[in-house]
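Labels run A, B, C, D, E and F following the written order; every chain starts at residue 1.
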Amino acid sequence: MYSVTVRDHMMIAHSFSGDVFGPARRLHGATYVVDVEFRRPDVDADGIVVDIGRATDALKAVVATLNYRNLDDEPAFAGRNTTTEFLARTVFDRLVAAIARGELGDGARAIAGIRVTLHESHVASAAYEGPVTPPRA
Amino acid sequence: MYSVTVRDHMMIAHSFSGDVFGPARRLHGATYVVDVEFRRPDVDADGIVVDIGRATDALKAVVATLNYRNLDDEPAFAGRNTTTEFLARTVFDRLVAAIARGELGDGARAIAGIRVTLHESHVASAAYEGPVTPPRA
Amino acid sequence: MYSVTVRDHMMIAHSFSGDVFGPARRLHGATYVVDVEFRRPDVDADGIVVDIGRATDALKAVVATLNYRNLDDEPAFAGRNTTTEFLARTVFDRLVAAIARGELGDGARAIAGIRVTLHESHVASAAYEGPVTPPRA
Amino acid sequence: MYSVTVRDHMMIAHSFSGDVFGPARRLHGATYVVDVEFRRPDVDADGIVVDIGRATDALKAVVATLNYRNLDDEPAFAGRNTTTEFLARTVFDRLVAAIARGELGDGARAIAGIRVTLHESHVASAAYEGPVTPPRA
Amino acid sequence: MYSVTVRDHMMIAHSFSGDVFGPARRLHGATYVVDVEFRRPDVDADGIVVDIGRATDALKAVVATLNYRNLDDEPAFAGRNTTTEFLARTVFDRLVAAIARGELGDGARAIAGIRVTLHESHVASAAYEGPVTPPRA
Amino acid sequence: MYSVTVRDHMMIAHSFSGDVFGPARRLHGATYVVDVEFRRPDVDADGIVVDIGRATDALKAVVATLNYRNLDDEPAFAGRNTTTEFLARTVFDRLVAAIARGELGDGARAIAGIRVTLHESHVASAAYEGPVTPPRA
């Protein structure tokens, strides 16, 4: 299995609901350093997993939908805790959609899986990984 | 698959038996920076893999059983080489026991797997990962 | 010159005023990984710059005054942009005050200077450093 | 599953063919920080995955076949793009061959899998992982 | 003293002349992860050392003059060894010129010093630091 | 001012005397990741601060005098606490002596200062820096 990983980051505000969150129920914020690993069983004819320029741009575009925002005000997240786990899944879903729309190039349709890791500090991170179902032609 | 990773560290002394260890047969020591990744297929109703506060406390409690010690004097390790691999497994086993005792909360009983990585320097690490068998009710 | 550096982190929300800040004028947030370097010309009789336990606790106490907060609501910061530079200075001032109150121990009164670095992402940080004026006896 | 990871690096020049590479079609270069993870289901009688000294030497030997070179001039790579993905596979193949030759010791024949990660910058890496087929006796 | 640090990277090929360089006399390459620290005694009215967006853009522009190139072919470097030290100084000089041209904004003219660090691997880096002489009006 | 920094590491056991050390009075250990920064006002005719190969070898030789040892048994340290600060100074002194003996080459006699940083974990480090007095001819 081959993989390529690219990194970007985003800086957001949010608060959580639920006793388990303690002081994080207050409005606070986080920098998430985001690593996205694209996986596929073999490389393409150019010798790559994905066009790293397009992958970087696609990640930047996804990050831009979240960056410099108070996630408590985002309609898409109403009633949800925007935990690090949840945001890792959100980035995953939006990248899978970008691949399906062809934004990472035709070759990227061979991507078999993605792992998204959000580092929230030097001592904590969360990740979501899953298969990428090829879009129907 | 979702995961959450927390980090702590411990500083121990030990020595090894066996020609393969060369100068490490002498009494020496190590700082182990310990990363523990908790995995489960889905998040709970709060949107989390595990209560990160409890996970951090549980790791701290496990690390405290090893920290600032000469492992050559630990009865539990008599006759064993406390290699980085062995200590990764030890941390794993003790965390699994903590989960079974309910110390990470009831939700943590849904944790499906754990990966423990011990970084012994900027150029070497060891890890142990395995499934977490749910305790019998 | 000797120094000791300890690390902690904090997760805050804030917004900025001023055209220079662009999208950061919106309410957003940051994780700041905080490094504090304590400097003095010579070590004490125990061979240390500062009691690292007390230094860590003092940093944790300062961080706790900022952590999990929306800094826009902090009276102490009214009318100020809580930039990374400003917060580095804030942590510096509060640590100097803690030293003056004796919270880092009597030996810490020999600390000659402090450098506070706040890492806001994997690609950006800010710092403030200055001398520590010994408190009058 | 247990694993041990060791790190080394290499500094090479190369150029790529194909429109997808943009400015990287020009002769340029890279430092690759190389992480190799050796995996096996259980440790040996000494409590280790692999003799870390031999593993480090084997990685150094593989890196030496690539280091301080213009890969465009390497006959072994004629007609191929020496992408990060391709080089991760190359390091993998050469380490598997070293294991088969017994250079990591007899115990290393129990290694079940290897993951090679090449970090090309603070924001990009590529990896290849695969099983290690035990050599026939 | 306040400072702000931003990071970028570049990937170049080059070779060195002189026995001291050993195998690095061959054409090879490097990724340089470039950290630039901007220093000034006080922050401006916005509470910042420099517009971090402009600083990042200025660094990107400087890096673009070196990135994806064989430095042996650059007329500006004819007869010079483009060592990490030399390149740190080059980045410094080009940033000072950018400040003088006003590319980092008028406020940046108060920058008193710059430190440029080039990380060439996980075990080696070089830096150049110096004062920034304010341009004559 | 130019500088070059190289990294190595060592793994030692030791214990401390003095109430301030708490549990670290017990025999324990540490991995120290050692960064040595060599500084000089200008580079030499080859464009370098120091022969990085020789600097790396000199650091390795100094580290070898401490590595895989119980420092409590070292006659040179009798009656001393081998704190991180103390060990940073020890590495400094031994490197200065190596320079004086010419082990880093004649050019290294122009080195004006050295900073030695010992990272003992992901959250703590200590450093010693000072001028290098040129040896009398």
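To be clear about the criterion, a contact is a pair of C-beta atoms (placed from the backbone, for glycine too) under 8 Å apart; a residue touches a chain by one contact, two chains touch by 3 or more.
Note that the coordinates shown come from a computational prediction; the quantities given were computed from them, not determined experimentally.
Engineer: Using the touch definition up top, find the fewest steps from chain B to chain C.
Structural biologist: 2
Engineer: To bring chain D onto chain F by a C-alpha fit, how many degrees must it turn, rounded to the nearest 5?
Structural biologist: In short, 180 degrees.
Engineer: I want to confirm something about chain B and chain F. Since they are copies of the same sequence, is their interface symmetric in residue numbering (over half shared, so same) or not (under half, so different)?
Structural biologist: same
Engineer: Taking mean CA positions as centres, which chain lies farthest from chain E?
Structural biologist: Comparing chain centres, B lies farthest from chain E.
Engineer: Identify the chain pair with more contacting C-beta pairs: E-F or A-C.
Structural biologist: Counting C-beta pairs in contact for E-F and A-C gives the edge to A-C.
Engineer: Please tell me the distance, in whole Å, between the geometric centres of chain C and chain E computed from their C-alpha atoms.
Structural biologist: 27
Engineer: In angstrom, rounded to a whole number, how far apart do the mean CA points of chain D and chain E lie?
Structural biologist: 31
Engineer: Would you pick out the residues of chain F that each touch at least 2 other chains?
Structural biologist: 7, 122-123, in rising order.
Engineer: Using the touch definition from the top, list the residues of chain A that touch chain B in their complex.
Structural biologist: Interface residues on the chain A side: 16, 18, 20-22, 80-86, 88-89, 122-130.
Engineer: Which residues of chain A touch chain D in the complex?
Structural biologist: 1-8, 37, 43, 46-49, 51-53, 56, 105
Engineer: For the complex, give me every residue of chain E touching chain D.
Structural biologist: The touching residues are 7, 9, 11-14, 23-24, 26-33, 67-70, 120-123.
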